[in-house]
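What follows is chain A paired twice: with chain B in the first complex and chain C in the second.
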Partner chain A sequence: MPLKHAKWITGIITLLLIFPIVIGLVGTLLPAFAYFPPLGEYTVSLAPWRNLLSQGEFYASLKLTLITGIVAPLLALWLALSLLAWGYQRPFFRKIEALLSPILAIPHAAIAIGLLFLLSPSGWLVRLFSPWLTGFDRPPNWITVQDPYGISLILALVIKEMPYLLFVMLATMKSIKARESLQVGQTLGYSRFTLWRKVLIPQLYPIIRLPIFIVIAFSLTVVDLALVIGPNTPSTLAVTLLRWFNDPDLTMRLMASAGAISLMLVIVLVLASWEVAHLLFRQLTRAERSNGKRFGLTDNILRLGVVLGLFTLLNAFVALALLPIWSLARRWRFPDALPSQWTWDNIERATPLLMKLTTNTLTIAFIATLMACVISLVMLETKRHNMTDANSSKPHVFDWLIYVPILLPQIGFLFGLHVLLIYLNLNGDLDAIIALHLMYVLPYVYLTLKGPYLSYEEEYLQQANRLSHRPWRNYFMVKIAMLKPALFTAFAIGFSVSIAQYLPTLIAGEGRYSTLTTEAVAQAASGDRKQVGSMAMLQAFFPIMVFWLAQFIPPRWTRWRLKLKQVFHIGLIKKDKTC
Partner chain B sequence: MKKSLIAASIVATFALTSLTTEANASYQWQDTLDQAKGQTVYFNAWGGADNINDYIQWAADRIKEEYDVTLVHVKLTDTSDAVNRVLAEKAAGKDDNGSIDLIWLNGENFRAMKDNNLLFGPFSQALPNYLHYVDENARQSLTQDFGTPVDGMESPWGMAQVIFMYDTATLSSPPKSMAELLNFAKAHPGRITYPEPPQFLGSTFLKQALYELTSYRQALSQPADSVNFDTVTAPLWAYLDKLHKVAWRDGQTFPSSAEEMMRLLDDQEIDIALSFDISAASVQIDKGNLPDTVRSYVFTNGTIGNTHFLAIPYNSSATAGAQVVANFMLSPEAQIKKQNPTVWGDLSVLSYAKLPADEQAKFNALPRGIATLSIEELGQTLPEPHSSWVGALETEWRKRYAQ
Partner chain C sequence: MLTVNAFSLSLGDKTLIKALSFEIANGQVLSIMGPSGIGKSSLLHFLSGSLSPNLTTTGEAFLNDEALHTKAIQDRKAGLLQQMPLLFPHMSIIENLLFAIPADINKPARIAMAQNALQKLGIPDKANALPKALSGGQQARVALLRTLLSKPDFLLLDEPFSKLDPALRRDVRTFVLNEIRQANIPALLVTHDPEDAKAMEGERLELGKQNS
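Let's turn to the complex of A and B:
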């Protein structure tokens, strides 16, 4: 990018990012030490911490959070790697890839509700086999969902996270030259799985480390999913904190803030231990990786992962397919596998909402995502300059800062931020909503663009500039044009992230701006599957469309453009002739 | 300044003789009406039920037409979101132009806001419709919101009572007391449950059980920390220990709301559902969410009932408009519409005796849903214990069963 003051711009954007993060943190930190003027608390003390540590529920929730928050990302990573190793570059895998975007696009709460209906004792699976096989006239008293060990919650988390990891991995395949390595490896006689295990995964891991961290932080802090399908005696720490924050006894907020700080510490500790574990794992497997054997027993781990991964995907699709059926159901009782009475009422009731809410939703998502794309391009350009100038790949502070908002638990952090917005008199403004969305969209867009942008062959641009020195035009017509697929994908991801934001929309907009998501979550409060089914469909429609367009447009763009040019030219020629 | 003026004038109003009061009040009210013109009132109310949302929309249209006040329904998933927001505004020193003008609340949320000076008022006792149609002696819950004195800081909107639902196709005679409920659960393991405290219906179930089981009933009207909590509540925990062993999903997990209980009743996972909305069964049958064989009933010795209110935050910029809305909500027109079971079915807070004959006739003509109980059938209403019991019971429950 022929930008002159790239460094300055980066500096300013970095400052703009630091400011809300610091305020959000301070706004959580102070109440955690009992300083909270609105409740008349002016003395700093450790009382909130003493309260917190004397709560048995804190430890029980923490234990559950650690189990679900560590097991889920581990499983998701294992299954995603297995599926990738198994299917990469095979024709049928393209189809599975295309199916990933709906799962990425659909809001967590909707997936959880679909899954709940699939797996519960009165759910679709049991209905399918009742009463002819099981003999059940009524649902059995089993605990298949909301189990105290959090197994169903882990499954829901894996369903949401595995596609994301797979998506990210597929995007990085080019930069580690996977195809070439596979070809070389296979001519050397390595089996596919062994090759992945020994050569590709070790190269892949450092690149996808951040997405993995995001997934871990998400698993540790998720609220909506855990509310629907997680256990409730106790619930995960994030849900327990939400309850404390919302307790009518306002002094509970102090203890809740202390809890939010501990959750942040837990995230840091888990991420650190994860890294240490990875180092240890690498040391332990080093000998095995370089022993030259072309096959290995451990290949079976990947094989098992493929089976489980496919099973998880199947689960996700059935759960998602059931939701639209609910939106058409009038009566659908146990043990009917399909509704006994159908109706359009549910959809009709939801339609006026669609009209009203779509404008808000799309405005916010488009502006926030476009801004995120532009900011990411500027940042990446600066980063590229730094890399070539100083020959050092030391990460800019921005690289880490940008992820802070998504690595922090939303509950405590956003309350602190809300106070800032009120100070600035920005509360309840569309600008404020867009700004907050931007904070959550930017990391994902930046992350998606980073790999392709930095590995771009700069020679093309230089050559173009040598031919005709029009830096801006060439930047757009050559570099950006070549990065189109990555840009479209980044846009699609950012767009769906924006659409799914619930708490930021609610807090910045003070409920005055409803979006499809705030409405859907408010509806989900009623637990009515028919409404949730209709709302989830509407909510998922736009992200799915954008994802589809992101895959559909780039390969056809040039053809269309040329055709358009041709038509235009023919028109001109004809015009000439008539003249 | 404005607030203290209004407060002072209300105090003054009460000090005068009844004749002057009337004249003064109507003069005052005309002032409020004039001020309210053109104002926008952001009404923060739970938005989880379609029929209630539709009712609020109807009220908004009527209010716009009649008083030129714009009512905007801000749909909440939890009333505490609104309490949080007022608190955040206070934290930021935003003492006027707050984002909320009216909140639908009661019980603990009211106490929290009142105790922390987050409310505007007193205002409710000066509303014309309150003066005309509300009889404060008719129900304790009109002046004592879960034991917290209302003091005019919130205006009554509707009344609720706990009801139970069962499917007559699977069950002929449902259990009508806590003791019968336990016996039923023992005979039919896995078919009985209740919402998870601190969900308000779950806490209400605990209060209902405590009321029936304890031998210290009068202690419940005292603050929980002024009595021997352990002695008073011992029978409750002994009861729950037995119930959970034979409860739905072995008492390992609990439904999250009345809506989820009705869904489980429809799925036939459980046999008894409860709700705080007396017309819930009729409304859900109508929507196709329950079979038409479901009926409501109450316990033989009565169930807990309470009143829900509208309150104005201290930093609202449209206090006049908010009062106009609260007053409209208390009008016979709005209360009759609200009690219509196909609209909402929420019980009126007006005194039947104080209504003119034609409005009484309209109340008499209200249809009843097929599964809604009449006022007589609803029987005795048990009072809510002092609001401090909610927190105390919830904390103890979570300590015992959620770790």
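Let's turn to the complex of A and C:
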């Protein structure tokens, strides 16, 4: 991009990125100390904190948050590493790899709803074994989902996070020369799992540290997933805070803000302890790495991880398959494994609502993702300028700033921003929803585009400019056109991130704009499985569709374009002849 | 005629090329030889205007007595051909050629020029094919004709034959020399293959020797 004033543009974008972060933080911090002008609170005090710390619910919620937020990433990491160690470079593992991106693309609320259909006492799992094994002809009185220990929430989190970690790890395999290391190690007589434990995982960890941190922060703060499948009384801290923020008694907001600040502190503390734990673990295992043993008992930890990992993946697919079945079911009485009567009626009945939700969802996702693509391109271009000018490998300001919105808890932060929206008179506006979505879509689009954009062979563009000096035209016709596959993938990822957003839509839209996600989460508990199934199915359908198109279109684009041109051209020549 | 006067190149405080001067007449190819890292390619970048900023150069270059080294990149009208043919992979062969033909020529004439080039290459049936459908030698030839269609005032060749099969090289060299003679512009070839230099039937400059 023939940008001038790259430095200025960098500065302006940096400010635009920092502005909402600062406002959101200040908007949470001040109310936490009882300073909240919109409610006429002008005195700074510790009252919100005293209230918070005297709430028994706070401690119960915090405990649940810590359990789910630490156990889920640990499990996800263990299972992902096990699956990778077991399957890397095996032919059938490629098929599993191909299935990863659809799971990644599916909004987590849809997966949670699928799990609800699978695991609840009247769910498919119990139906499958009833009545022939269990003897039940009505749903048992068990608590299998929304259990008070958060086990079902942990399962849902692992299902969402394990594929993500696996995806990230697969992308780093080349840079740590995994294939070569395995070959060398295996000729030395090491078993596969031992090699992974001693050689590859220690190299892999520093590269995937940031994605792991994102996963931890997500587990500690997730709202929609916890609303659908998490425990109720008490709920996890993020859900409890959401209830306090929405309480008709507005002074509850002050206490909720203090809670949001403590949630941020919890994230920092958990991340710090995680790193300390990792350092200790590394010290403990260091000697073991070079003890020369070619295999060990601890290999079995990875083996067990493989079994559990495959089981988790299977769970995810069955859960997703249940969504369309429910939306097409007419009669599906308890112990039946499949509906006894099928119908399109559910979908037809819900069509007006679904159309409206779909329109909202797609409008927001398209606009936010397109904007994110354009902004990412400008950001990457200024970064490229910076790299070639300064000739330095200093980390660019965007490279860490872009992670801040993903690492901050949405709860609290977004309520802080909401106050700004009210001041700007933008609350409940579609623009405001799109702006908040953009904040969460942009990081993913930027990070996806970064690698391909910066490794683009710039000589093509330079040659184009030597052949015909039209810098802007060449930028689009040559560079952007050649980066089409990466742009399409980035768009698909941004799109699926936008579709999955729950809190940003809810808070900025103030309930005036519902999307498939907000409505599906709101109705998940309603028991109308047929309607919820339809919404969750659509919610999963669009990202998968866009992902598939992003894989399907770019390799065929040029062929189609040339074919079209040929058809058009032949038409022209015929016309000429008739003249 | 391309003239270079007292060209010196240094990286930090290490002098790579010292006071190099030469002249190339229209339709002639001057071959510059020497080991890697001596600054051969940097000389080309000095002439095309895309020198990397950590290299310092002194000296002047003139094209038909008009100063070249003071002009902006886009006004120099340099044609550059490198090891990689750099054909745009998402455009058909004819689109690649049309891309280079100046926009002020009318459309039927542009198409006629591109088709003429395809005839010359013996691949008129490949007009709508993509570059990857061509062999390495064909790609190199298309790349040369594409550069010449952009009507450059002089041509810079940066080891354009080194990636080709030895059997193909001879054909491509002859083709390149013929085209340069027809276009009647000065050309500078950088190579470390003496065969390349011999095939261009022009003067030869050995950089390593001059320096020592």
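Following the convention adopted for this analysis, the second predicted complex is superposed on the first by the 399 of 579 C-alpha atoms of A that agree within 3 Å, B and C clash if a C-alpha of one lies under 4 Å from a C-alpha of the other, contacts with A are read in each partner's own complex, and residues count from 1 in each chain.
One rule holds in what follows: a contact is a pair of C-beta atoms (placed from the backbone, for glycine too) under 8 Å apart; a residue touches a chain by one contact, two chains touch by 3 or more.
Quantities reported herein were computed from a predicted structural model and do not represent experimental measurements.
> Applying the document's definition of touching, compare chain B and chain C: which contacts more of chain A?
So, of the two partners, B touches more residues of chain A.
> First (chain B), second (chain C), both or neither: which does A:K356 touch?
neither
> Quick one: is A:R512 in contact with chain B, with chain C, with both, or with neither? Answer first, second, both or neither.
Touch status of A:R512: first partner only.
> Looking at the overlay, does A:K174 come into contact with chain B only (first), chain C only (second), both, or neither?
neither
> I'd like to know which partner A:K484 touches here: chain B for first, chain C for second, both or neither.
The second partner, chain C, only.
> Considering only the touch criterion stated at the top, classify A:R90 as touching first (chain B), second (chain C), both, or neither.
A:R90: touches no partner chain.
> Going by the contact rule set out at the top, does A:Y460 touch chain B (first), chain C (second), both, or neither?
Second partner only, chain C.
> Can you tell me which positions in chain A touch chain B when the two form their complex?
36-39, 56-57, 59-60, 120-122, 138-139, 141-143, 146-148, 227, 231-235, 243, 245-250, 253, 329-331, 333-334, 341, 343, 349, 415, 418-420, 422-423, 427-428, 506, 510-512, 514, 518-519, 521-523, 525-531
> Chain C touches which residues of chain A in the complex?
Chain A residues touching chain C: 389, 391, 459-460, 462-470, 478, 481-482, 484, 557-558, 562, 566.
> Which of the residues in chain C end up touching chain A in this complex?
Chain C reaches chain A through residues 48, 50, 53-54, 73-74, 78-80, 82, 84, 86, 88-92, 99-100, 102-103, 128, 130, 146-147, 150.
> Chain A touches which residues of chain B in the complex?
Result: residues 42, 44, 46-50, 72, 74-78, 80-81, 83-85, 87-94, 99-100, 107-109, 111-112, 116, 189-191, 196, 198, 248-250, 252-254, 256-257, 259-260, 263-264, 266-269, 288-289, 291, 391, 398-399, 401-403 of chain B touch chain A.
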